[in-house]
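As written, the chain order gives the labels A, B and C, with residue 1 at the start of each chain.
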Amino acid sequence: MLTPAARMDGAMTHIRSRFAWVLVTACLAAAATAAAQAPVKPGVLRLATTTSTDDSGLLRAILPAFEKLCACRVDVIAVGTGQALEIGRRGDADVVLTHAYQSELKFIAEHHARERFDVMYNDFVVVGPAADPAKIASRRSAREAFAAIAAAKAPFASRGDNSGTETAEMAIWASADLKPAGAWYRSLGQGMGETLIVANEQRAYTLSDRGTWLAMRDKLPNLRLLLGGRSIAENPDFALRNRYGVMAVDPRVHPGVNAEAARKFVEWLVSPETQRVIAAFGMTRFGQPLFYPDSDRWKASQVPAR
Amino acid sequence: MTTAPACYRLESVQHRYGGRVVLDIGSLEIRRGETLAVIGPSGSGKSTLLRLLQFLERPTAGRLWFDERLVDSEPALDVRRRVTTVFQRPFVLNRSVRANLAFGLHVRGWSNRPAEIDHLLTALGLAPLAHAPAQSLSGGEIQRVALARALAFDPDVLLLDEPTANLDPRNVRLVEDLIRERQAQGVTVVLATHQIFQARRLAHRAALLLDGQVIEVGPTAEMLDHASDPRTRAFLSGDMVY
Amino acid sequence: MSQLLTEFRRPELLQIVALTLRVTGAALLLATVAGVPIGALLGLVRFRGQRLVTLVLYTGMGLPPVVVGLFVYLSLSSSGPLGVLGWLFTPTAMIVAQAIIAFPLVAGLTMSAVAGVDRAVRQQVFALGASRWQSAWTVLLEARVGVTAAIVAAFGGIISEVGAVMLVGGNIEGQTRVLTTAIVLYTRQGEFALAMALGVVLIAVAFGANVLLLRLQGRLRDQ
C-alpha cells in the first residue's frame, strides 16, 4: 500500500524520467541533424595546432604557399596540444598539427583520424637560473637533471596545461621514477612564453622547446640553457626530442570537415618541397633551424643524396 | 440641492491597508463643476480618498462611480485622462521646467501649446525658471510647477492635495487665482486641506474627514460657521478630539 | 619606440581594432536590445518568482567569461546542437558569447536602476495621463543615468574580455583576432612592449566609446 506521498513521488519520478527521455531524444535528434548537415566551408581549412608552431612564426612563413596552391584560406587555431586535439575530436578542425605522440596515437585509436604522419621534430632543452643550484649543467640526460632538481628541491616551473611540452615533461619525471610535488614544483597552467617569463622572474628551472627559448632568450636575462647543447645536433639526450605529427580528421566520423583540403594539406606538408622550407626556417634569425624535417617522403628523398 | 449631476459617487466605500481601515465612507457625492474641500487633520484619510478618486487604487469594499459609471477596474485611458492630481509632495521629472509642463500634452499626443504654457509659467511666477532643470527647484517652486503641469492639459477634474503647503502668501494668491479661473470654466475640484481659511475661500462645499469617516458635509460657510457635530466644532476650534 | 610606431602603422592593427569594435559593438547592441526592456520590465512589475529571476541575473553578472565561452563553444561545435550554423571560429560566435556575457549586466543593472526610481514617479506619471507604455518609457528615462551605467559596465566587461573570444573565436589571424587575444598572443611570445602598446590602444578605444556613450546620455537628459 503506497502512502499518498510515495505515490506522488512515483508520479514525479515517472514524469521526470519521461522528461529526461524526451530531452535525450531531442538532443540525439539535434546531434543527428548536426551530423547530417554540418556545413563544409569549401574555401577554408581549419588547422588546430600548438602555440609553438604559430608563435615561432613557422606557419606564417610556410602557409601562404599552401593557400595559393589549394586556393583556400587556412584558419590557424593555435592552442595547447590538449585543446587542439579536443577541437579535432569534436570535428571543429579539419586537420591537427601537434606534438604529443602518445595522445596522437590515442586520437587515432578513437577513430578521429585514420593516420598520423611525422612532419618534423625539434628538441626540448632544460633551462634554469644562471647560478644552477641543482648543478645540472654537467648532466648528460634529462632524467638525471630532473632527479637532481627534485633532490635539491630547486624551484621548477611546469606548463601544467596538458600541452605537448608538459606531456614530455611528465614522461621525463616518470622515467626518473619521480612524482614531482611540493612548494618547489610550480604547475602554472600557462603557455610556453608565460612559463619562461615566470621561470625568469622566480629563477626556476623549466623545460622549454628550443624554438621558443631561442625566440625569447633575449628577454630572459636570469635564465641559461643548462641541458640540450647549442643546437639539436649537440643535444646529448635523445629523450628530449620533440616530434610533430599531422592528422587529417576523419570525415566518416566528422562529416562536417573539409576532408579534401585536409588531405591536400597533409600531402603538401610532408612533401619534400615543403620540408625543405621547414628546414631552412629560422636559419637567418637564429643561425640554426627551429624545426627539422622528418617526413617519410623527405627521408626517402634524402637517401640517394647520401 | 441635488441639481448638478454627480461627478463621483461613493457608496459604503471602505479601504484598508493591511488590516487597518483607513477610509470608511457611507455615502458621498461630488457634483460636476463644484469645488469640494476635504478638511481634516493629517492622517485622517484625505490623501487616500484622493488616490481612490484618481483611480490609483480600487476601494477594498463598496462602490465608486465616476460619471455614472461604476469603477471596478482601471478606467479606459481617455476616461482617466480627464482626472489629474497635484500631489502633496509632487514629483518633477528630471527635465526642464518647460518640459515638465508639456508632459501631459505630450502623452496625449497634443501639440505643445506654447502660448498656454507661457501663460501658466507667467501666472505662477515661473517664467524665469522655464529652462532650469526642474529637480533643482525649491519645494515651493516644485509645487507651482506641479500645478501648472496639471492645468496645461485642461483636466475636467482637479484633485489637489495641500496645494499651497509650501508657499508664501503671495504665491498662495497666485495659485488660488488660477484655481478660481478653472472653477469658472466648470472644472470639478477636490481640495484636500487642513487650512480652514483656504476651504472657505475656494470651496462650495466642505466635508470633514476624521479617522477615515466623513463626519459632516455641507455648504462651506454653513458648515464652518454652524457645525452640527460636536467633533466638527472641536476640530474647527482647534481642540482636537483625536 | 620607433619600432613601436611602425607596429602602430601596420594594417593588421587597424583590422584588429575594427574587428574588436564590430564584435563588441554588435554584442553590446544585442545585449542592450534584449537587456534594457527585460531589465526595465523586471524593475517595473512584481510577480511570483521575481527573487529567483533577480538572483539568476545577479549571478549571471559574475559568470566567468571562459565558462560562457565554453558553453558557446560546446553549443556551436560541429558535435554540438548548433553546429549546423557553422559559426564556430567566426566573429559571429564571438558576438554570441559576448552578448551572453553582457546580457545579465545590462538587464540586471537596468532592473536595479528602474526599480530604484521612486514609486512616486509612477503615480505622478499615471496621474498625468500616461499610458502603460508611456509610463514605462518615462520611468526608464528617469533611470537613464543608471541604464547608461549598465550599458557602460557591460561594454567594459566585454571589450576587455579574453577568455570567451579566445575559445570560440580561435584567435585566427585576420579573421577572429581582437585586441585582447592579440595582447595575450604577444605576451605569450614575450613581446611585452607590443602587448603594452595594444593595451594602450584598447584603453584609447574604450575611452572613445565611453565618450560617445556619455554624450548620448547627455543628449537624453536634454530631451
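In the analysis below, contacts are C-beta pairs under 8 Å (C-beta built on N, C-alpha and C of every residue); 3 or more make two chains touch, one makes a residue touch a chain.
Treat the numbers as computed from the prediction; the structure is a model and nothing was measured.
Among the other chains, B has the CA centre that is most remote from the centre of chain A.
Across the structure, the highest number of inter-chain C-beta contacts is found for A-C.
One simple way to say how far apart two chains are is to compare their mean CA positions; for chain A and chain B this gives 79 Å.
Taking each chain's centre as the mean of its C-alpha atoms, chain B lies 47 Å from chain C.
Chain C has its Cα centroid 33 Å from the Cα centroid of chain A.
The residues of chain C lying in touch with chain A in their complex are 77-84, 86, 88-89, 170-173, 175-176, 185, 187-190, 192.
Residues 27, 30-31, 33-35, 37-39, 41, 46, 51, 55, 60, 73, 75-79, 90-92, 191-194, 196-197, 215-216, 219-220, 254, 256-257 of chain A are the ones that touch chain C when the two sit in their complex. Residues 118, 120-121, 123-131, 134, 138, 141-142, 144, 221, 223 of chain C touch chain B in their complex. Remark: chain B residues 54, 56, 77, 80-81, 83-85, 87, 89-91, 93-95, 99, 103-104, 107-108, 149-150, 153 touch chain C in the complex.
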